[in-house]
Amino acid sequence: MTQKKRFALIGCGFIGQVHAANLATHPDVELAMLADLDTARSAALAGQMKCTAGEVSVAINSDNIDAVLIASATPSHAELLEAAARAGKAVYCEKPIDLSLARATRVAENVLPLNTKITVGFNRRFDRSHQQLKRQLEQGTVGRPELIQMVCRASELPPLSYLKSSGGQMRDQAIHFFDLLRWLTADEVISVGAMGAALAMPAIREFGDVDTSVLIMQMQQGAFAQLDNTRRTGYGYDERISVMGEKGLAESGSQSPPGMTLYQGKAIIKQGLYADWFSRVQGTYYQHLDAFVRSLNGEDVADLPGLLDGIQAQAIAEAATQSLATGMFCPVGQVL
Amino acid sequence: MTQKKRFALIGCGFIGQVHAANLATHPDVELAMLADLDTARSAALAGQMKCTAGEVSVAINSDNIDAVLIASATPSHAELLEAAARAGKAVYCEKPIDLSLARATRVAENVLPLNTKITVGFNRRFDRSHQQLKRQLEQGTVGRPELIQMVCRASELPPLSYLKSSGGQMRDQAIHFFDLLRWLTADEVISVGAMGAALAMPAIREFGDVDTSVLIMQMQQGAFAQLDNTRRTGYGYDERISVMGEKGLAESGSQSPPGMTLYQGKAIIKQGLYADWFSRVQGTYYQHLDAFVRSLNGEDVADLPGLLDGIQAQAIAEAATQSLATGMFCPVGQVL
Amino acid sequence: MTQKKRFALIGCGFIGQVHAANLATHPDVELAMLADLDTARSAALAGQMKCTAGEVSVAINSDNIDAVLIASATPSHAELLEAAARAGKAVYCEKPIDLSLARATRVAENVLPLNTKITVGFNRRFDRSHQQLKRQLEQGTVGRPELIQMVCRASELPPLSYLKSSGGQMRDQAIHFFDLLRWLTADEVISVGAMGAALAMPAIREFGDVDTSVLIMQMQQGAFAQLDNTRRTGYGYDERISVMGEKGLAESGSQSPPGMTLYQGKAIIKQGLYADWFSRVQGTYYQHLDAFVRSLNGEDVADLPGLLDGIQAQAIAEAATQSLATGMFCPVGQVL
Amino acid sequence: MTQKKRFALIGCGFIGQVHAANLATHPDVELAMLADLDTARSAALAGQMKCTAGEVSVAINSDNIDAVLIASATPSHAELLEAAARAGKAVYCEKPIDLSLARATRVAENVLPLNTKITVGFNRRFDRSHQQLKRQLEQGTVGRPELIQMVCRASELPPLSYLKSSGGQMRDQAIHFFDLLRWLTADEVISVGAMGAALAMPAIREFGDVDTSVLIMQMQQGAFAQLDNTRRTGYGYDERISVMGEKGLAESGSQSPPGMTLYQGKAIIKQGLYADWFSRVQGTYYQHLDAFVRSLNGEDVADLPGLLDGIQAQAIAEAATQSLATGMFCPVGQVL
């Protein structure tokens, strides 16, 4: 029987609390310590989770900790990741590593030689139906990918304050799909064209952001991909990916909670999509954690997003941001 | 190249006009003559179809006619069928042969020895998706049938006058599904239990009819079947059949015309079912005619409903009508 | 803030463990004690749940217990329910109260005057989409029910030993749908006709049971209902209810886990139904518990199945069993 | 009662025969004359349709002709259209007016002052579900369009010879969707970015064509649109349009012929999409003709694609072709 992995969780905000519950539930994990700059917040969560609250530096350096889960504010990620890796801990770091691609790249350069296990928070890879899609693509069911379609439509506008420090729609929202695209196709984006505007929330124009955008991308092995993004819909959370190859189409489509259907007059009325992103992707955090824990226990887990995945997705986001600004197709190179 | 088959059509009402259009369109058919007791009606249709209108007796006996399609009022079917068969014509007779099972049986006894090709108007066998279902069952895809579910729900109440002379819901409406059941399973009903009432149109109680009913049936080879019937829905025309066997379920489901889907708020709103039975089954009349013509041209057409099919379906309708009246399960025997 | 309700759980088998996890999770519940005749089993579960294991009689009579959840073997239900009610405890009792309707009725007669809160384990009422269906029916969206269709198809055959002591398909499996029917329509079954056979597992014929059956039922207010049951399918767990009224159809249909769709050649291949009943209904146990706890906390919870609901559903099962045996429609009376 | 409109049909190839059958069927049309450079072909079709075959110049100039339907080879369109308009005939001209936008523009300049009724062959506007989508957009159901997604995937590769003279994927295939986009949104494309390659049929690279492409477009009123195109799929003909606005999403999705569904093991297998484009769009030719005839009879028919629609869609195709070649976003101006 394997020893439980002792985790320290850094960051006790919304997503930190999600991770805390998963860490507490996982049979092969011990949630050993919590830390947050706001010590009242970490104390409260520790009480609820029946574990210890402590200093961030203790959490990272303690001999009683095997792995660190970084769910603190984005600007702290790079430094915490480097510190934890230097302390020999395995690390699960929420995305992005850093809003600056240069800084994120430096993290990778510093940390990769240390040879510690690291995963970056691209949890959507662990969506049950995206996983099925990946397996079908691996088996060649639809043949070599030719056309990929992705839809990334959040239901509710985030607060202006959030958007101001988000890095923009490409770096904050679309980035999940840049990762999914690379992972699903086992291929690299070489060129991206993007158009966008602030249609839903004109106030964000002031810092150059957009909330509605369309992208086309060319892949190294020849496929073409599309992506559209919006920050709010009038019909719930809509996340979809389809991959067409010579032999057919595989689609991980929109999802709805179970519900009733009404047949009335000339209409059939069904349950709509999940109301918000969290209702749809909730379970993927646990699955991602589970994959990470299995890898810590020596299993070869193919789908785990690593540090280089985090950086390469960010490189696509950079190019897309540039395309938005310049109105030109922008090349995407291999960062590392 | 095969000679065109020369058809005489008897009966120029609604369904006669449907047949006329199909006869005029079919490449291997010549619509040679029309007849109707209402000679103004047959003359008008003949003008439209660019063919001759004539006497019923001429239509049946003329040397220039190969086949007779009987689409006149029900009480005339038996006699016309016998006359046409005696005249050596092939016959396509609308259902039922006669409202009286005894009379219908006598028709069969008289006509079968004459060895002429006869088909009875169970056109629903030629529904594209019922046909697919039949083929799957023949191939054993779901294994031996165990549970069959059938839904037969008309959208609009017919006029009281129609219902008065219809023979009742079992003989008029459910009979199509008794035939579909026998045909799909290649099996016989041996017992039937039925409950029903006049919920939608209480006026029909006066002549003992029902408009809403549920039935269960036992089949000779062990399967059980259900059927529900209504004369009006609030959501269009609903016809469905599913067959479960050990290996799975095959379903010929509800059908809608093509249409748009709206995602709005918490709902997904799709195009409803076909508004009325005719919109759904329209194409089956042509397919049935085509199968009949192919059989006249020597092809072995397995799905054609024959005279004995008409009679055996009627025997189930009799038993169901009796079960409705007595509140008891009623056995169904082999008539001929 | 309300005090947590202290529950004792009796029975630590499969379903007892499901209840234990829910009791441990519910924020307004304290899982105070576990009991099982097999004390090793209760000790193990208590260890896992970090609560006390004790004697059944202690669990029922202790002053530190507010409510008893009975999940032990069926033959013990009646006595435990009576004892717990006499001890002034609220009771959540797994169905059935007793396989003998007479005994179950005596339980009700004994217990009802004690005026304690009791719910019987018809958890399927708390299925999310059945709940939506109920709300639509209450609002009159489809009008007065006329035709109800229910499908109850388990995916995997239970062991012969289970079936031998189950009371038969009507009392063990169909009973959930007798309850759902009464609850959804707020109406009573007055007559039932049933046909069935042992098609999937011939060995059960020896004790007179069936595994495949079809039923029709008449309701007091005029509607007709159908139900089919099977103990195994080749396509997963299939539970469906639809209610047609004058104004339309409301359907709580089959459910599948989220999954990918493949378009290939002439087919569209989707994720199939839930593999087994538990995957589909799992969440309803928690919802039922939650409703019960809310009622203990003084809330008026309309959907809670009570003792009389348990008995009346059993009366329908009795009549259905009799109809299977006699080949006659059987009346259903009001038991209490 | 309105006089029947007398049509001459020019061109008796595949699509000419489709038009011939529709002209022969329409109650307000008389198919008066057929013409084709291949007089054997026109004679054969005339025999079948029971009408006259004649010279092209006669067809265009005869006093007994009200309208000319041009379905001949593309290079002849411009001249025939001008001649027919000068002869005072109403004209239904298959798309494109001419592969050269300059030439097509000259046609418009020559013909528009003549004030005759002209429609260009963008028949897909008359797809039943696209029409529903248009009506919903007009009513503002989803609000102002923000994101439009279009899929245009033909099932079977056309012959190389066809592709060689087609003008390329943008001018030949995508052009239908440029028209649909303008029509549905009542808006104009101002910029287009396109990527593409010959993945399915490398031989077409020799004349610079592509068979797989993705496009993004910006609309004057702020919306963004996507389109992907392929010349062959492994799963039938896939045509889809969806429009998202602030209030929801309206989707005219993929279409399948009616068919059976199979539930087996872990899969639900449904009828696939229409096998080819013609099976899906077949009915739109008649609807387009009908709209044109109604406009000839004085009705105000909003959806009819006119000469300027033909030219403006072509201008988008030019810009898209240029974007494919240059790897830059290309502006689209108003041609006339």
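In order of appearance the chains are A, B, C and D, and numbering begins at 1 in each one.
Just so it is clear, a contact is a pair of C-beta atoms (placed from the backbone, for glycine too) under 8 Å apart; a residue touches a chain by one contact, two chains touch by 3 or more.
The chain list, named the UniProt way, goes like this: A, B, C, D = Myo-inositol 2-dehydrogenase / D-chiro-inositol 1-dehydrogenase.
Since the structure is predicted, the reported quantities are computational estimates derived from the model, not experimental observations.
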| item | value |
| --- | --- |
| Chain at maximum distance from chain D, centres defined as averaged CA atoms | C |
| Interface with more contacting C-beta pairs, comparing B-D to A-D | A-D |
| Chain A and chain D: spacing of chain centres that average the CA atoms, whole Å | 42 |
| CA centroid of chain C to CA centroid of chain D, Å | 58 |
| Two or more partner chains touched - positions in chain D | 142, 234-235, 238, 247-249, 263-265, 271 |
| Residue numbers on chain B that touch chain A, as the complex places them | 234-236, 238, 256, 263-273, 275 |
| Touching residues on chain B, where the partner in the complex is chain C | 142-143, 146-147, 149, 151, 153, 191, 193-197, 199-200, 212-218, 222-226, 228, 230, 232-235, 238, 244-249, 327-329 |
| Touching residues (chain side chain B, partner chain D) in the complex | 127-129, 132-133, 136, 141-142, 247-253, 255, 257-265, 271 |
